[in-house]
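Shared between the two complexes below is chain A, which has chain B as its partner in the first and chain C in the second.
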Partner chain A sequence: MALLELKDLRVHFRTPNGINRAVDGLDLVLDAGETVAIVGESGSGKSVASMSILRLLHGENCRSDGEILYQGRNLLDLDEKAMRRIRGNEISMIFQEPMTALNPVMKVGRQISEAILLHQNVDRDTAMRKAQDMLDLVGIPESKRRLDEYPHQLSGGMRQRVMIAIALACEPSILIADEPTTALDVTIQAQILDLVKELKDRLGTSVLIVTHDLGVVAEVANRVVVMYAGQKVEEAGVGDLFAAPLHPYTEGLLRAMPKLGTSRVTPDWRLAEIPGQIVSTIGEIKGCVFANRCNRVQEVCHEIRPALRTFGSGRVAACHFPCGSKVPDV
Partner chain B sequence: MLIFTLRRILATIPVMLAVALFIFVLLYLAPGDPAEMIAGDNASAAEIEQVRELLGLNQPFLVRFADWTAGLLRGDLGVSVFSRKPVTELILQRLEPTFSLMATTLIISITAAIPMGVIAAARAGSWIDRAIMGTAVLGFSVPVFATSYALSWIFSIQLNWLPVQGYQPLSEGLWAWFRHLIIPSIALGSVYMALIARITRTSMLEVLNQDYIRTAMAKGQSRTRILFEHALKNAAVSILTVIGLGVALLIGGAVVTESVFSIPGIGRLTVDAILQRDYPVIQGVVLFFSFVYVLINLAVDLAYRLFDPRIRL
Partner chain C sequence: MSDLLVVNHLEKTYTIGGGFLGLAPLRGVNAVSDVSFVLRKGETLALVGESGCGKSSVGRCLLRLETPSSGEIHLNGQRIDTLAETELRKLRKSIQVIFQDPFSSLNPRQRIGEVLAEPLRNFGVTSGKDETAARIRKLIEMVGLPADSALRWPHEFSGGQRQRVGIARALAANPDVIVCDEAVSALDVSVKAQVINLLRDLQRETGVALLFISHDLAVVENIAHQVAVMYLGRIVELAPRDTIFERPRHPYTHALLSAVPIPDPTHRRTRVPLQGDLPSPFNPPSGCRFHTRCPLAFDRCRSEVPVLQSVGTQHRAACHLNDLPNAANPMLTPPATPEGAHSQ
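Moving on to the complex of A and B:
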């Protein structure tokens, strides 16, 4: 049994313009000790999918269907109280914006120990000592002094470390990281990724990382799920994906990555782009969600939505004419 | 912190001076000759002139202002034209009822308004939200005297639960004191309560959209504790500002409330002094209220820091 399994997950928002199918039938498996990346551009539904796992999306206008199986239990069936025991305890989450994700009027120590006090039967002093240990673990120097500081006294990288300390304080089995490095400097990004990798190995946590940055994917992930317009368009092991993408969207993403060694003198120094914009997920989409931007598009693509097909071991893609196959008029 | 406190206290001095000058000029320009009034209807021109001289009213403006200000610094607000008692003494005598009324009003209003605002924000858009905000609009729109009479008609006359009017000093016992203040406090506080409830709701709604609220949820924290521990403290600065500014409403309202409920406080003193054109008393009372107002807002400024560590000193 997988540690976490999303089955036909659908997250829909009611909007004045119709139903926004932000996530529309996502299947995903996360095994123990594994790191899976969800990749996609803004509006692909990757963040919504990750937040729906802990049921952090709320409001009357939001509706999640399908199954979110954690150790065989469907999280969508749990009551609020049972859900609270999962959050921060068995499944934790860190977010994109470290600058705003910490409560500005609460001391760092209290914000970490809060999670410990909620889920473990310990007194305040023990929780605060554990909080200090967590600060040490995430590599914040002078941890004792930092406990008494407020978030505005810390840098962005430090704050993300504190977020990681909060998330891992109760040794969860899954860490969901929603664009954990997007708001940080490149050097700090590398440090945070190294930290996530190191802690994952040390604590045996499984990681679900959401990102638009293929560099991050290459760095940490074992397996990659590519999302587009609320749907999974491709899934593969990280090596396979980078070596031979199947979906034209994945290929486009890879081509849009800057490469070392290119310069104005090399023939392909210009970065490739995917023309056009992501299709709106409001209302029904006919045919393939990527058809309007695809360079391999055929008539059938506008008519029939391609189903996810298996290509070799553990590889799936939703495309009528995957890369490498012959396209009639290309 | 100490330097900041001292600086803020020093900054109130020019404010108080400006207030003093303003009040002095206002009454200087006001129509009617105090000397004539004091001397009485049948006084001769010579007698009036004598009174004028006695009170120093024939001195030039600046000299009179300087004399008056010098008196202020010694705590001397002048002498009442009618009772011939020092104004300071008159105010001090009536301090307890007014402070009692203010204190109970502040406590009742704030303890009711903040939970109202928090619940309205937590259930934004629901019927609870609409009911609370409807009550707030009502409290805001109905004038103090109308609320006063309505409440005392229901609770004092019809139900006979509480006294119709009057005041019992604290020395008569806590309950006797409080019984007399319940209706006046609610009547006086209704506008204030509405104001605080509304600002609480607004600033809570803003805070509840922040990322750190989601972080608290992701930790597994309960909704109630997120509202009251994580969110309320962040909303506190705006709420505190309105609590401070709203005291002006209470001061104005106290004058009316004390009249309606026959509470022998400074509000009554003000009304009587105005009716009698007792200028030294009016000056003294207005100055006193301004002083209280400045002091409360100084306290609010200092309290910001307790709620938000980012506020620079």
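Moving on to the complex of A and C:
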């Protein structure tokens, strides 16, 4: 049994302009000890999908359907009390903006020990000692002094380390990281990615990382789910995906990404563009979600939505004419 | 290529403090320290570095959105850092800017046509309605927006399209220089490529020079002719693009290059480990400002400020290691293209 399995997850928002199908039928499996990346651009639904796992989206205008199976239990069926035992304890999450995710008027030590006190039957002193251990674990020097500091006294990279310390304090089995390094400088990003990789191996945590950055994906992920306009368009092992993408969108993304080294080798090098822009997820989309930007598009693509098909081991793609196949008249 | 913009020993110090009733002590932050460079006509100079390195402050000083504390800025041979407030309009016709956030840099209550008409009117580029309208049509076409854009509102456009509007607005006055302050950082990968290509095409078409401020080395490699790497207010290395990427001569440039994630899972590399965070700019380290994080620092780095000196053709770096004989210089002993500039 998979540790976490999303089955036909649909997250829809009611907006004045119609129903926004932010996530529309997502299947995803996360096994123990694995790192899966959800990659996509703004509007792909990747963040909404990750937030819906812990049921962080609610309100009368938001509806989640389908199944979110954690160790076989559907999280969508749990009551709020049971959900609180899961959040931060079995599944925890870190966000892009470490400043807005931390409480600015609470000392770092208390913020970490709060999570421990909430989920574990220990006294304050023990929790504080554990908090200090966590700061050591995430590589914050002078951890004892740092316990007594406020978030504004820490740099951006340190704050993200504190977030990771809070998230891992109760030794969760899953860590969801939503753009964990996007707000950080590149040298600090490298430090945080190394930290996540190291802690994952050390603690055996499974990681679901949500990012727009294919460079980050290549560094940390075992398996990749590519999302576009609320749908999974491709899924593959990280090696396969980068070596031979099947979906034209994945291929376009890989080619559009500025890549160190390439532009100097070829004179007059140009980045490949994906023309146009992402289709709106408000209202029904007829045919393939990528049809209006695709360079392999055929008539059928505008009419019939391609189903996810299996291509070899662990590879799926939703495309009528995947890369490498023959397109009738191109 | 002629020297268009010449910056000499630019300094910018911000005074911070005072606090409630002026009770807190005043402190100075030396955001830009002894920065000199030359931007040539039709070329792109990239200023790269991490947050707080002063790259945006340099851009703001050129635009005179900030007044430099000292130093000189010359545009077309004319000194511009001492221009009086009343003369700034002339300067702004020559130096335009594109900002990072395409959502906050457009007035939501101005149609795109009005956004573009403003610089045309203010700088007297066109006279009369017809000429203005024709120029607006031309600008819209140049940046690849739909022909009916002039009558539409900013909210009707996506992030990438808004950035195109920002580019059109910057181009409207036929400037000599456009300061692009993280102009593509907020865009999605697929759109980022469109905008980078657009900027390159427009540069070829109009001969405009770009000061491209960015933290993203992969983007910089695609667009720049010259690259200046900044750290805590100082330029630590300055060279033509290929030189910087192939033969960096400053450990910070090495570290930056090796930290860029490579979108290739089979690519294994050894990172130049950079310990810790950027030191506080209020209290920059003595000697070389990078020595607290430098994996190659030695005694001299802690006491003596390295000067930006020539280490090759058009190549300048500020590192004491370059004073060593080549055989003893650790930046030269590994193969000339290290981790960052990999080949496939």
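Points worth noting:
In this text, the second predicted complex is superposed on the first by the 325 of 330 C-alpha atoms of A that agree within 3 Å, B and C clash if a C-alpha of one lies under 4 Å from a C-alpha of the other, contacts with A are read in each partner's own complex, and residues count from 1 in each chain.
Everything that follows uses one rule, which is that a residue touches a chain if its C-beta (ideal position, glycine included) is under 8 Å from a C-beta of that chain, and two chains touch if they have at least 3 such contacts.
What you are looking at is a predicted structure, and each value in this text was computed from that prediction instead of being measured.
In this overlay on chain A, chain B fits alongside chain C without clashing. Contact with chain C, but none with chain B, is seen for A:F242 once the two complexes are overlaid on the shared chain.
Put simply, more of the residues of chain A are touched by C, taking chain B and chain C as the two choices. Centred on chain A, the angle reaching out to chain B and chain C in the chain A superposition, using CA centres, is 80 degrees in steps of 10. In the overlay built on the shared chain, the residue A:R84 is in contact with chain B alone; chain C does not reach it. With both structures placed on the common chain, the touch criterion links A:Y150 to chain B but leaves chain C unconnected. By the touch criterion stated above, A:N103 is placed in contact with chain B alone, chain C being left untouched. Contacts of A:S42 after superposition on the shared chain: chain C is touched, whereas chain B is not. Superposition on chain A leaves chain B and chain C with their closest Cα atoms 7 Å from each other. In the three-chain superposition model, chain A touches chain B and chain C at no common residue. Chain B makes touch with chain A in their complex at residues 210-212, 214-223, 230, 233-234, 307-310. Interface residues of chain C facing chain A in the complex, by the touch rule stated above, are 50-51, 158-161, 188-194, 196-197, 200, 215-219, 221-222, 241-242, 245-246, 255-267, 271, 274, 276-278, 340-344. Only residues 54, 56, 80, 84-89, 92-93, 95, 97, 100-106, 114-115, 118-119, 150, 152, 163, 166-167 of chain A touch chain B when the two sit together in their complex. Touching chain C in their complex are the following residues of chain A: 41-42, 141, 155-158, 185-191, 193-194, 212-219, 221, 238-239, 242-243, 252-254, 256-265, 269-275, 277-278, 293.
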